[in-house]
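Each in structure tokens, the structures are laid out below.
First subunit A sits with subunit B, and in the next complex the same chain sits with subunit C.
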Partner chain A sequence: MMQRNKRRNGRSGIPPMILFLIITFFIIVGAGLLAPVIAPVDLAETDLTKRLIKPSFLDPLSPYLMGTDNLGRDVAVRLLYAIRETVLISFSGMMIATALGTALGIISGLSGGYVDMAISFFTDVRLSVPTTFIGIILACILGAKPTTTVLVITITGWSSFCRLVRSQIIQLKKAAFIEASRSMGAGGLRIVFEHILINIASPLIVQITMELSGFILLESTLSFLGLGIEPPGTSLGVMVSSGRDYMLTHWWLAMIPSVVIVVMILQISLVGDWLRDRLDPKLKNRS
Partner chain B sequence: MKRYVIMRVLKAVFTIWAVYTLVFFLTRVTGDPVDWLTMAGASDSAKETLRENLGLDLPLWKQYIKSFIGLFTGDTGESYYYARQVSDLFAERIWPTISLGGIVLFITILIGLPLGVLAAVKHNSLLDRITMSTAVIGSTMPNFVLGILLIFIFALKLRVLPSGSMGTAKNYILPVIALSVGPIASVARLTRSSLLDVIRNEYLDFARAKGIREWKVVIKHGLRNALIPVITILGAQLSSLIGGSVVVETVFAWPGIGTLIVTSAQQRDFPVVVFGVLVIAASVTFVNLLVDLSYGLLDPRIRKS
Partner chain C sequence: MNQKENALLSLQGLKSYYESRDGSEVAAVDGVDLELYPGEIVGIVGESGCGKSTVVRALMRLLDPSSARIAGGKAVFCGKDLFGLSEREMCGIRGKDISMIFQDPLSALDPVYTIGDQIEEILKAHEHISESEAKEKALELLREVNIPSPELRLNQYPHELSGGMQQRVVIAIALACRPQILIADEPTTALDVTVQAQILELIRELRDKLNIAVILITHNMGVVAAICDRMLVMYGGVVVEEGTCKEIFKAPKHPYTRGLLAAIPSIKEEKEELYTIPGQVDVMKVPVACCRFYKRCALAADICRRSEPELKGEGGHLCRCYMAADGAEGSSGGLGFGKEALHG
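Up next, the complex of A and B:
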């Protein structure tokens, strides 16, 4: 009860903790996206004379902030490019999955009948194959490419948006204001854009945030398994995977990208939890 | 209820069939396996022989029917690389995967459920806060990061536990931890929130008023009603557990079906991949079927409708 009152009183403000998480998240994402501007290098270039130099936080004399890897490449620079790749892949996957899922959810919810049954059957089929295996099958068929991972995210991601939008629409369809609008002669598309999308926006935003951390996880897992990106391209999972062989002597090679993955996922899920409590009080305490 | 069960079973069978068909055709339409099985510059006649041996000379629909019937007669086809029956390959490797998954599932329930109950009963206490913040970190930690961290600490630095492959019971410890932290966290979180929803109900006050002991009220009247969402999430967790076991098996060099499917995918060994996906889809669908049917046992309201 107390919590509820607190929330109502502080409705306009963002808690400093959440603000901090959001700002740091955008700093990481921004640094990654700007990688070609901050450090314009050729990712394939190697320099074996400079291999495995300690990072400057372990050796104050080292000129490299995060050291160099087994091929003599600056880890800090590679990290920026890795973040960039992970962010680009998971964000574009997220956008396509959201658009596709929302569209199918609207179609499914509005039309009902066989269309609805067919779409929900496909959701079942998709859910019976665990996400990682969808990645494995597609990487096997299409090869390990960034576009494959985007496709995997789309295929695995759409169903949750579809289910959410569908259930919201079925509820909304009965609402009086939709009925009123229809009786005044508004067409189906107009109702969708003017009333339905606006009303499902906030649960959708919550869902997008919650799913995004899963997409980042999926991207890093697939690239860790060697099913996401071909060298010399890099992503956070690739860096962890290649740093693994040097764990005993050069632990930071695997640990630095691991920390970045965990931090990014944690930032998104904490912000997502907060958004859900704030925008969608009905869902509070769920999951 | 009977009608519901029959419909539900039919739907499950149909789902598995659809997965099989989809994966079968998807893997076949993307090129000729013979091209990457033979070395560059192999003669056409050598390619033709290989194609005949693998049964790839038949039209696609005949291949499909042959392998589909084979599933029922025990002929699951031969792996391109190992040149052995696919089902034999799986039979060898299923035990490591099942034993690992079984232990993880057991531990998840054994730890996750009581943790969630404790956190809910001591709502907003220090214990609740600690459990829930640990759960947040636990559920955001990727399997492979956790696995590598465990290997680094316990196998490389402290040298107390083996870093991989099967053997003694000790070999199980790290993979089990790496796999179970996520599910434990989700089960604990969900048990807590589901029990918190139930705990506010009047019938619990009524039970207390009757003089029933508090723990009995929580377990018998509270938890029983809070279990349905928890069982749902356990079903969903199994799917992500199977997905996660692929990653953990790779990290710990575990000789299970996960590593078999990943290496087969990298080698484009289609019969193995298709059969593997079939096995996994079937087990996920079967568990979800059990989950759906168990609602009826737990909740009389559902049983009657």
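Up next, the complex of A and C:
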């Protein structure tokens, strides 16, 4: 993983680079979420007379910022809706997976014994089944719809959180400050929430950012394979998938959503990396 | 002796067993009695593995339930048996009435909270006080343990302080709710010698000021000599000698105590080799039916192999040995014994 130890040059506050990444990320996500307000259109509407128009950055005369696709729909508008769908799916999947994985990890790490063995067994089972395979099976059973994709993300995502939290808790359980805290009269729940969870927050946040980029990719992969969002609905994966047929002649159709995916993942990963350093108190107050 | 009535804490026949890998039980603590009175410092001495830490962990009910259990005995604190309380009631006692400080101060502090947060946490846990009152009190506590520029320290993280300062913070946390008993588990082992002296001095000062009872666990005879009033020497899970420090240092009775004292290097006397007690602490599988020390003891006789001696003596100076030397022999007797064991 990322072992680079970035030295921040500012004493405190957010470095401009990170601020830029965060702001641009929220602009992308915000534009996506506001898509129905910014461009209220019917996604199913097509106009074959306007199909495959070049984007304005290639042809200055074109009225379309990002051109049109093979059915004559504005790529820029579709891109907004695609971001919206992808963000909604991967974020909700991430939240459920994190909550589930963390809860199971806490139970597993704290209780030990048979409970721990059972949960660890299921974690291993889950990790040994390929993600796409789970996606295909669930899509076959439940049909290709957004909730299926959320479910796939949840089912595939919880295990890594569970493992991380469990290992951290087993380590922390023996830590002297936990015993010290108990000897000062702190009860079980207080220790879990105020000492254990806070201490595993930074690895957990880093894990979340890493997994989140994975979830965005997973959503795109499933949609690309036709297992996620189905046309006329759209997501970044659907756009890449449908643009793939025109790769040689109209490369921007697949390239634009791909670039958005790459940019979003980079933003999340870099901010996550920075957060990890930031949350480590040993690196705080160091210039 | 009718003193028993006003003892702050009294341990009666405390037993704590660990489960060993083959399923049998090992006695870490096998019948320890201890009375603690307000304002006294009692030292528990012994080498690693003699059960001294287990005694206090058992009495605080902090033993890991998956491997250790309290196998018998009572711990009466203010008329209540601590072993009969619910976990909830026990939480109310820990930190409020009985506090504990640990060997390594850095690892005893949560790395992600500031010093101020950690002092305020215990205050808020046991007393209903507001944020600003807690802050005020935290500052006061830091002053009490002689931390320089306490305002600055409140917002610092544990790793930013020196070892001695960290231990002062730990003591401040332990004393935050004005406990009646302070348990110090090797509080100076992780510190360097000059800081050790300062911390011991601080503990004594606070004892005088707050009239708390202190149980000090250590393997360092020098620490005991420096601040303890009474001491218990433990070996193999039992107390082998008990008495005031003065008596024991002047006239140790048990061969083990004499060995411990002989092992202290002295500047007055030139020694070719430092004295060591041969062998190691044995694993005590229950039930034990011999003197626990006989394998390492130079004085061991037949009776030591056959039955375990009682802890007995006069005037509060108790000893668990059939071969117990008479008090008249004096400390030189202890050293003489040491040479004997070394060369013989």
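Heads up, the rule we're going with is that the second predicted complex is superposed on the first by the 248 of 287 C-alpha atoms of A that agree within 3 Å, B and C clash if a C-alpha of one lies under 4 Å from a C-alpha of the other, contacts with A are read in each partner's own complex, and residues count from 1 in each chain.
Here is the rule we use: a contact is a pair of C-beta atoms (placed from the backbone, for glycine too) under 8 Å apart; a residue touches a chain by one contact, two chains touch by 3 or more.
Quantities reported herein were computed from a predicted structural model and do not represent experimental measurements.
Visitor: Can A:133 be said to touch subunit B (first), subunit C (second), both, or neither?
Guide: first
Visitor: Once chain A of both complexes is superposed, is A:194 in touch with subunit B (first), subunit C (second), both, or neither?
Guide: Only subunit C; A:194 stays clear of subunit B.
Visitor: By residue count, is subunit A touched more by subunit B or by subunit C?
Guide: Between subunit B and subunit C, the winner on subunit A residue contacts is B.
Visitor: Could you tell me which stretches of subunit A are touched by subunit B in one complex and by subunit C in the other?
Guide: Residues common to the subunit A contacts of subunit C and of subunit B are 285, listed in rising order.
Visitor: Once bound in the complex, which stretches of subunit C touch subunit A?
Guide: 60, 62, 66, 87-88, 91-96, 99-100, 102-104, 107-113, 121-122, 125-126, 157, 159-160, 170, 173-174
Visitor: Write out the stretch or stretches of subunit A touching subunit B in their complex.
Guide: 121, 124-125, 127-133, 136-137, 139-142, 213, 217, 220-221, 224-227, 237, 240, 244, 247-248, 251, 254-255, 258, 261-262, 265-266, 269-270, 273, 285-287
Visitor: What does subunit B use to touch subunit A in their complex?
Guide: It is residues 11, 14-16, 18-19, 22-23, 26-27, 30, 136-137, 139-145, 148-149, 151-152, 156, 186, 189-190, 193, 196-197, 239-240, 242-244, 246-247, 250, 261-262, 265-266, 268, 270, 273, 276-277, 280-281, 284-285, 288 of subunit B that touch subunit A.
Visitor: Please name which positions on subunit A make contact with subunit C in the complex.
Guide: 112-113, 175-177, 179-187, 190, 194-195, 198-199, 201, 281-282, 284-285
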